[in-house]
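Shared chain: chain A. Partners: chain B in the first complex, chain C in the second.
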Partner chain A sequence: MTDALRLERVSFAYGDVTALAEVSFALGPGERAALLGRNGAGKSTLVRLVTGLRRPAAGSIWVEDWDTRDRPPEQLARRVGSMFQYADQQLFARTVRDDVSFGPRALGFAAPEVQQRVGRALAALGLEAHAAHHPYDLPPAFRKLAALAGALALEPRLLVLDEPTAGLDRALRARVASALLERAAAGAALLVVTHDLAFAAETLERALVLDRGRLACDEPLAGLLAAPPRLEPLGLAPPAVAALSRALGLPGAPVREADAARALARVAAGRRAPLD
Partner chain B sequence: MTRLSLEHVSFWYPATDTPALADVSLEVAGGEVVALVGAVGAGASTLLLVAADLAPRVVGGRLEGAVDFRGRGNGEGGRGIVLPTPWTQVSGMAFTVWDEVAFGPANLGWPREQITRHVDRALARLDIAALRAREPATLSGGELQRVIIAGILAMDPALVLFDEPTAELDPAGARMLWRLVRSLAAEGKAVIVATSDLDALPDVADRVVWLEQGRAKKIGPPALLAEDALCAAGLGTAVAVVWRAGGLPRPYPLTVDDAVRLWRHR
Partner chain C sequence: MTRLHPFTLLALAAALVALAWLLPAPWGAAGTLAVAAVLALFSGAGLTPGASPGSTGTGMSPGWRPGLVVLRTAVVTAAPFWLFLFILHDVSTTVALGLRITTMVASVVWLVAVLAPARLVEAMVAAGWRAGTAYLFAATLSAVPVLKARAQRIVEAQRCRGLSPRGGLGPRVRALRALALPLILSALHEVDERALALESRGLVPGARRTPLAPPPDRGAERAVRWALVALCVAALVWRLA
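So, the complex of A and B:
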């Protein structure tokens, strides 16, 4: 099967400052990957390369069978939906609905198809009530969701998101999680830059960790989150649920809230007794 | 002594009928860290704008009730606010990080020597001295957030207001920020912080204000974040939320350490 995304020894520098050095990995359809690492590790640079806003200095990036070097960003948008860190900068229309419609319209879909996609994207994020609002009348958190809805409405094969949950409350983070899981279940690959490891634990399955521009780690996310000594040198810290599981010795070292709650209930009911 | 007092404050944004803040009363003194928690739209950011004297003075709208602030008289009344969107808070007038951080102090008309001292100290506190010659436009999101915070602290405000200050920071950066918040309070500054990083608050906040639809629903110690009602509202710490979801009895633990203690004594 064709990979949704494949990086082959990708390097990039801003002047003398190396941002990415020989990064290689591939994502299959429906795969859900977290792109993690310190501030300045190269995560946002990688997003710019994958979305075609920058070109790799060396190496190549493939979106399915397209070499991104041959495709301008507007063409890549047929396959790659993206949301940038500064989501405000992505919004320009007078209403949330118009903004979300822009992508599918620009891809040339007929009006009814545009309407359906926009409806699905707004519904996935629970934004229907804000569809007629001006984006800048909304709190920053909702502007972020509006930008995400714009990416979802493209119904792309690859979603590349930079910090989609920064500044969101628990309920909105859950909306983002369920919308992303729905897209992944429909076959879209996810590449999500995030510092929010609690959100990552709930939503994503694979950890790609950048450290000073190099891919320092590529493995299942749950295992990595359950191993604090390995997180520290990568500039990461275990989310509270993983820390709780570890402190109580919960069976299976769950990192998701629902799994931890189940394990806790089982142990409390006396079926297993760690720590004793 | 620094003190901010809000008495029965309500605030309406321009052209809106529903108040963004409704009858909020709150006192914050120097040395204190008060955290505002609530769902998006509950009024935390608005409360910060009111506390910063930006709403209605700059934002427009209408305010009822009384807002009183006493600072040490530094700068523009001695209040500084860090917005949740650092990229909207860059001066756009500086070609280096050092100049960006100096922008506020310079506009306060301070003598050069005082500006230099405050800028250098702020850069050191945010651990960004190494970025001093960088152009702000080339920074990563987390780096820029630190620069903006440094620029506010360089003005030495008596009241510091933070809106989602860790949103762009990595875990090490977030830890640094929360330590910084405590050290600002230890210096006698009053700090109000709106945050969705609930798990950080037990170690950081002296008091927590639960906002819902513009109202201060409850004000109390961080232990509030383990109460059933806050957990139900999505405002419990992760540990409390897991405990509750697991059907274990109250009281729910607030932190991992509390959970371990409870677990051992069950």
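So, the complex of A and C:
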């Protein structure tokens, strides 16, 4: 099966400053990867390379069978949906619905198809009630969701998101997680830059950690989060659930809330009550 | 050049603009434009790698390249004026007005490239100006690179949603419209936030600010500034006589 995304020894520099050095990895369809690392590790640069906004100085990036060096971003948008850190600045239509429909219309889909895609994207993020609002009348968190809906409406094979949950409360983060899991189940690969490891633990399955431009770690996310001594040198801290699991010595060291709750319930069921 | 006192830089730019309009065209304006072009070419002198003098924010490397970027910006900005002048006027008027307008544009672009807003604020506060007035000048200068960077981000985000900024007139107009709204709205939004941030940090009408590192104002520079004023007055008297 063709990889949704493949990086082959990709390097990039800003002048004399190396941003990425020989980074290689591949994402299969439906795979959910977190791109982690300290500020300045090269995460946003990698996003810009994958979306075609920059070209690698060395190596190559493939989105399925497309080499990103041969495709401008507007062409890559047929396969790559993206959202950047300053997502709300990309909103410009008079209503949320118009804005979300911008991508599918720009790519030339027929009107019924556009309507369906917009409807699905708005529903996935619970934005139907705001569809007729002006984007700038919404709070920043909802503007972020509107921008994400714009990326989802493209229904791309690869979603590249830079900090999709920054500034969102727990309920809105859950909406984002649910929408992303839905897209992944439909076969889209996810590459999510995030510092929100609790969100990552709930939503993503693979950890790609950049450290000073190099790929320092590529492994299952749950295993990495359950090993705090390995996280610290990478500038990461375990999410609360992972820390609690470890402190309590829960079997399997779960990092997701539901898994930890089940483990706790099993432990509690197997223990006698204090007064017995 | 960036080490010159901010008032000297302002005086140079203002004198060039004034002389371009006061001196007889086309040679007077051609002379001032030549001076402005030379200043623009040397605007990168003294820069360290990855750093700009203050407001350009382009991370240019030292040497000729920053100067060429400044010059190119001035030429690109002035080009539409030449087109409209050519449509509306005869050749001699087009040349006369075009040179003057290009001098104005080149002087302002050069000033934005070499004048660090923070140094201007320090210089104005040290000279006894109110902090609010100083900030008004500095904010105007610093808005240019900020808006430029924001516009870049917006265009990139839109390209990733399938909007091509290339092609014929139609796609370009669409792209421009799609850029203008978020750029203006976010800028207006930022005005509110900046005003609150400034007030919450004590920038209220009438307040005096303590200058921490006022730029040195050498006697020679003061003399140059007065000489520029005298030159402009002399040109005015000569033209009126």
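Here is the rule we go by: the second predicted complex is superposed on the first by the 270 of 276 C-alpha atoms of A that agree within 3 Å, B and C clash if a C-alpha of one lies under 4 Å from a C-alpha of the other, contacts with A are read in each partner's own complex, and residues count from 1 in each chain.
The criterion applied here is as follows: a residue touches a chain if its C-beta (ideal position, glycine included) is under 8 Å from a C-beta of that chain, and two chains touch if they have at least 3 such contacts.
If you're wondering where the values come from, they're calculated on a predicted model, not measured in any experiment.
Chemist: Using the overlay on chain A, decide if chain B and chain C clash or can fit next to each other.
Modeler: clash
Chemist: Which partner does A:253 reach: the first (chain B), the second (chain C), both, or neither?
Modeler: A:253 contacts neither chain B nor chain C.
Chemist: Which partner chains sit in contact with A:103 here, chain B, chain C, both or neither? Use first/second/both/neither.
Modeler: A:103: touches chain C, not chain B.
Chemist: Can A:261 be said to touch chain B (first), chain C (second), both, or neither?
Modeler: First partner only, chain B.
Chemist: Is A:217 touching anything from chain B or chain C once the two structures are fitted on A? First, second, both or neither.
Modeler: neither
Chemist: Return first, second, both or neither, reflecting whether A:86 touches chain B, chain C, both chains, or no partner chain.
Modeler: In the superposed model, A:86 contacts both chain B and chain C.
Chemist: Between chain B and chain C, which makes contact with more of the residues in chain A?
Modeler: B
Chemist: On chain A, which stretch or stretches are contacted by chain B in one complex as well as by chain C in the other?
Modeler: 14, 86, 89.
Chemist: Touching residues of chain C toward chain A in the complex: what are they?
Modeler: 49-50, 59, 61, 150, 153-154, 156-164, 177-179, 181-182, 185-186, 189
Chemist: Per the contact definition, I'd like the list of chain B residues that touch chain A in the complex.
Modeler: Residues 38-41, 45, 84-85, 87-88, 138, 140-143, 164, 167-175, 196, 199, 234-235, 237-239, 241-243, 245-248, 256-257, 259-260, 263-264, 266 of chain B touch chain A in their complex.
Chemist: Would you tell me which residues of chain A are touching chain C in their complex?
Modeler: Of all residues in chain A, those touching chain C are 14-17, 48, 51-53, 72-74, 76-78, 80, 82, 84, 86-87, 89-92, 102-103, 106-107, 136, 147, 150-151, 154.
Chemist: In the complex, go through chain A and note every residue touching chain B.
Modeler: 14, 37-40, 44, 85-86, 88-89, 139-142, 163, 166-172, 195, 197-198, 235-237, 239-241, 243-244, 247-248, 257-258, 260-265, 268, 275
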